[in-house]
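Right, one structure below, let's go through it.
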Amino acid sequence: MLIELEHVTKVYNQGLANEVTALREVSLRIDDNSMVCLRGASGSGKSTLLSIIGCVFQPTSGRVAIAGKQLSRLPDRFLTLHRRRYIGFIFQNFNILPALSVEENIMLPLVPLGMRPMVMREKAAVLMERFGISHRRRFPAGQISGGELQRTAIARALVNDPPLILADEPTAHLDSRLSHEFMDFMADLKAAGKTIVITSHDALVTEHKAVDRVIDIRDGRIHVS
Amino acid sequence: MFLDSWSIALVICGLVVFFMMGFAARSAVRVLLYWDPDSDSGRQIKLENEIWLTSTLVECALGVQILSLTVFVLAADHFSGAIVGAMCATGSLLANDFGVPALTVKIGGVFLYGFWIVLHQLDIRSERYPLVRLKYIYLLTLLPLLVLDLSLGMMYIAGLEPDIITSCCAVVFGEAVGGGTNLFAGFSHFLSLLLLYGSTALLFILGGLLLAWRRIGLVVVFGGVWLWFFLLALVVITTLFSSYVYAMPFHKCPFCILKPEYYYIGFAIYGLLFTGAHLGMSVAVTEPLRQVVGLEEVTERFQRRATLWSLVLLALFTAVSSWHYLRYLLLGGQG
Amino acid sequence: MSVLARHLNILDHTLSSLWRRRLKNLSVLLVFAGVIFLIASFQLVTRALTETAEQALVAAPEITIQKMSAGRQVAVPLAYSEKLSGIFGIRRVVPRVWGYYFDEVSGANYTVLGLERDRMPASGQLDLVLDQGESPAPGRSGAALIGRSVQQGLERKGGSLLSLFRPDLSMVSFTVAGVFKEETDILTNDLIVLDIDDARDLFLVPEDVATDLCVYVANQREVPTIAKKIADALPDTRVVTRAQIRKTYQVVFGWRSGFASVCLLTALAAFVIFAWDKASGLSPEERREISILKLLGWETRDILAIRLWEGILVAGLAFVLGCTLAYIHVAFFGASLFRPVMVGWSVISPSLRLAPTVQLSQFLLIFCFSVLPYMAATVIPAWSCASVPAESALGGV
């Protein structure tokens, strides 16, 4: 999954008193089947950049293309359609819905695709098996351990089989054993042909052997190291 | 007659449609003023979201409009009990000058809201939303119709005096009953049947041709014939088919077939006719969109599907509407 | 990826999310069902009353002739019926003597109806509406058919003879030949049917007049024409056709139910505001849930569909619940909650049994009165919920 950004700028609340320029003229190219780490202090614009790559919103100016498809200036709806086909998200706090069961959480991205419930269950079952959480299938996600939560989040990001995985500070709330485990999962995914972008300032992540490239961000600008 | 339950229901329907379309129009104005696809500003995001509000509102308004049409006819039927001389809905609709125009405008509303939804469905398939402006200008032009609909309905109810003498449908549509005015006098059975089944056959031929070999002229003719067929079918249902449903030669009423006594067959007949006609006409209405960049393929696919479905509905309509007539021919009116 | 499958999935999700928030939703459901219950009860009551009146009218004469003098109804000379003999289409003209009788002992007001039963076409049907006994032979004097409240008054007094007083306070007694059924209470509850000569005797009405004349017509279609001819032939009379009575009933009932509906609309308005409020308030968890769903690839219209399905399910359930309860209320409890409100009707018949018929159009009406405003009130809040942006679940903790 080739990602190209050209002169991408993002200004929040443009024209208002609380205007913030989160990204300035960022140009970036991420190769297919690579694992890239975005590193920077808090507030430097990592999440913003990841959101633009992840089609959550539009840049204020500049061009974004993913796998050759121009995404800038696309209405919100088509960004969403693109996102749900090509991108799997793993969030900092995992964003698991605590009231739903583990299985339901994993199936969430499939629901609006109009897949048959049988097919959805099957896909979820395969992933739960792979990440060793099958025994937690019917548990409300609010009642499982941190490690299981993390695996649920990864399983959910993979359920629609996206070629691009984006993870926003995934290890921020994990101990080092779980962080290692997470990075090993990511390494497996890379081996399976996925493109992976992780934001982190955790050395455990940036120093991992599977990471191809570390990109430093400071005040919304890229610093090549 | 404002204090009758049916009147109040009609007014509620009218107000609900008005309220929904009013809100949709508010979005329309904002979209027309501020739409800027090249911006990522909060306002543009909001406007993109408002597209879903308007489309949901118009879809709901269409639903309520269909409901309101049904309520209008049933209300007229109910009023006939209170109006001297009126024995069914026809009589009460003719009780003052606003009944028939109100009905016509309501039917028009169903079609026009339907076309808007077709436009919308096509528009959201293209990444540039090429029809945004057209769609919302169209929405704004519907406003006068909306006001007309509401006010005609109100004036109709206001003008209903319980002791006005009106005619009953046996006089209006019947053939020469005591010299009463006959709306469709001079239409012989044979001629109207010939016209109806002729048009049906024509539609099938045109539709088949369209599916195999499409030409712009053909598309327009197809839509036009559907419009003609729609009006013709209304007349033939009224003057001919209905009396076979009632099994009474002088009871010719387009509304009584909606009643439970006749197993609500009218809802099936009109439902098929309206949907079929709407799809058939949409084929012609959407023809200009094939010139719009980004919509060529989508429109073509829609037109093919609409053509096919309109023919399916036409076949069903022909079967259901002719059923009582055929049974009469075959069984000689027994059973 | 079909539209239907997508909606089924979303519906499934909606059901489980409704269940998760069952307490919040239950409150809306119950309040809404209550409003629908009120509206539906009222519709069913009016409908049942109209229908009962309609049934009663079937046996009424096609045309009634009353003599008017100085704007008031006075006795009709029997000689008038001869003046009608020239009009074709009249089957029969039958005099009636009737009036109101105030019973001082029980404080009740009875309707006394004196009929020439042997000459009335539908008199055989009288037996059909009798609960006990049978109608006396025509012309037999001293026998009465009475309604149930008359019978109850009689039982309280403990006699078996019905004793009534003439205007000069002399007493006449009648044997009770039969009692009317409960089903016809709306008309027969306070009725005493006598032979016409007995009624004359009771009210001291002279031999050559009657209260009104009933005209029976052979062909229904000719009724308006004949009515007009009668009015021409007898200029000092008021000619009332059955159709006119029916229309008057309808206008009165329609007006009443309409007026009551307007009152009920106030309850509805309150509910709509409540629904709007409930639908537009989003708790932080709900907001977070929506933006997570959006991040996971749900479109605005998918979220909107959840919300609309929620509305449809709640409204549909409330509708079924409200209508069922209303039917039970009207059919089995005689609309007892409305007794104090229905002043006019409750005086007519204190223990009226109502048998509402179920008609689709009735429910359409109730639907328009309840579900429609609710939908209108929830669409816009539903959308504003659905437009929570995806990115609000991103980033910080």
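Here the chain labels run A, B and C in written order, and each chain numbers its own residues starting at 1.
Convention: a contact is a pair of C-beta atoms (placed from the backbone, for glycine too) under 8 Å apart; a residue touches a chain by one contact, two chains touch by 3 or more.
Given the structure is predicted, the values throughout are model-derived calculations rather than measurements.
Of all chains, the one whose CA centroid is most distant from that of chain B is A. More inter-chain C-beta contacts link the pair B-C than the other of A-B and B-C.
For the pair chain A and chain C, the distance between mean C-alpha positions equals 65 Å.
Rounded to a whole number, the gap between the C-alpha centres of chain A and chain B is 49 angstrom.
Centre-to-centre spacing of chain B and chain C amounts to 33 Å, using the average Cα coordinate of each chain. Residue positions of chain A touching 2 or more other chains, listed in rising order: 57, 76-77.
Contact of a single residue of chain C with at least two other chains is seen at positions 300, 389. The residues of chain B that reach two or more other chains are 45, 49, listed in rising order. Those residues of chain C that touch chain B in the complex are listed here as 43, 46, 243-244, 246-247, 250-251, 254-255, 257-259, 261-262, 265, 300-301, 304, 308, 359-361, 364-365, 367-369, 372-373, 375-376, 379-380, 382-383, 386-387, 389. Chain C meets chain A in the complex at residues 1-6, 9-10, 12-13, 16, 20, 288-289, 292-300, 302, 389-391, 393-397.
The touching residues of chain A, counted against chain C in their complex, run 47, 51, 56-57, 76-77, 80-81, 83-85, 89, 91-93, 95, 97, 99-100, 104, 108-117, 120, 156, 160, 168. Within the complex formed with chain C, the residues of chain B that make contact are 1-9, 12-13, 16, 19-20, 23, 45-46, 49, 52-53, 55-57, 60, 64, 67, 70-71, 74, 78, 81-84, 162-163, 260, 264. On the chain A side of its complex with chain B, the touching residues are 13-15, 57-60, 73-78.
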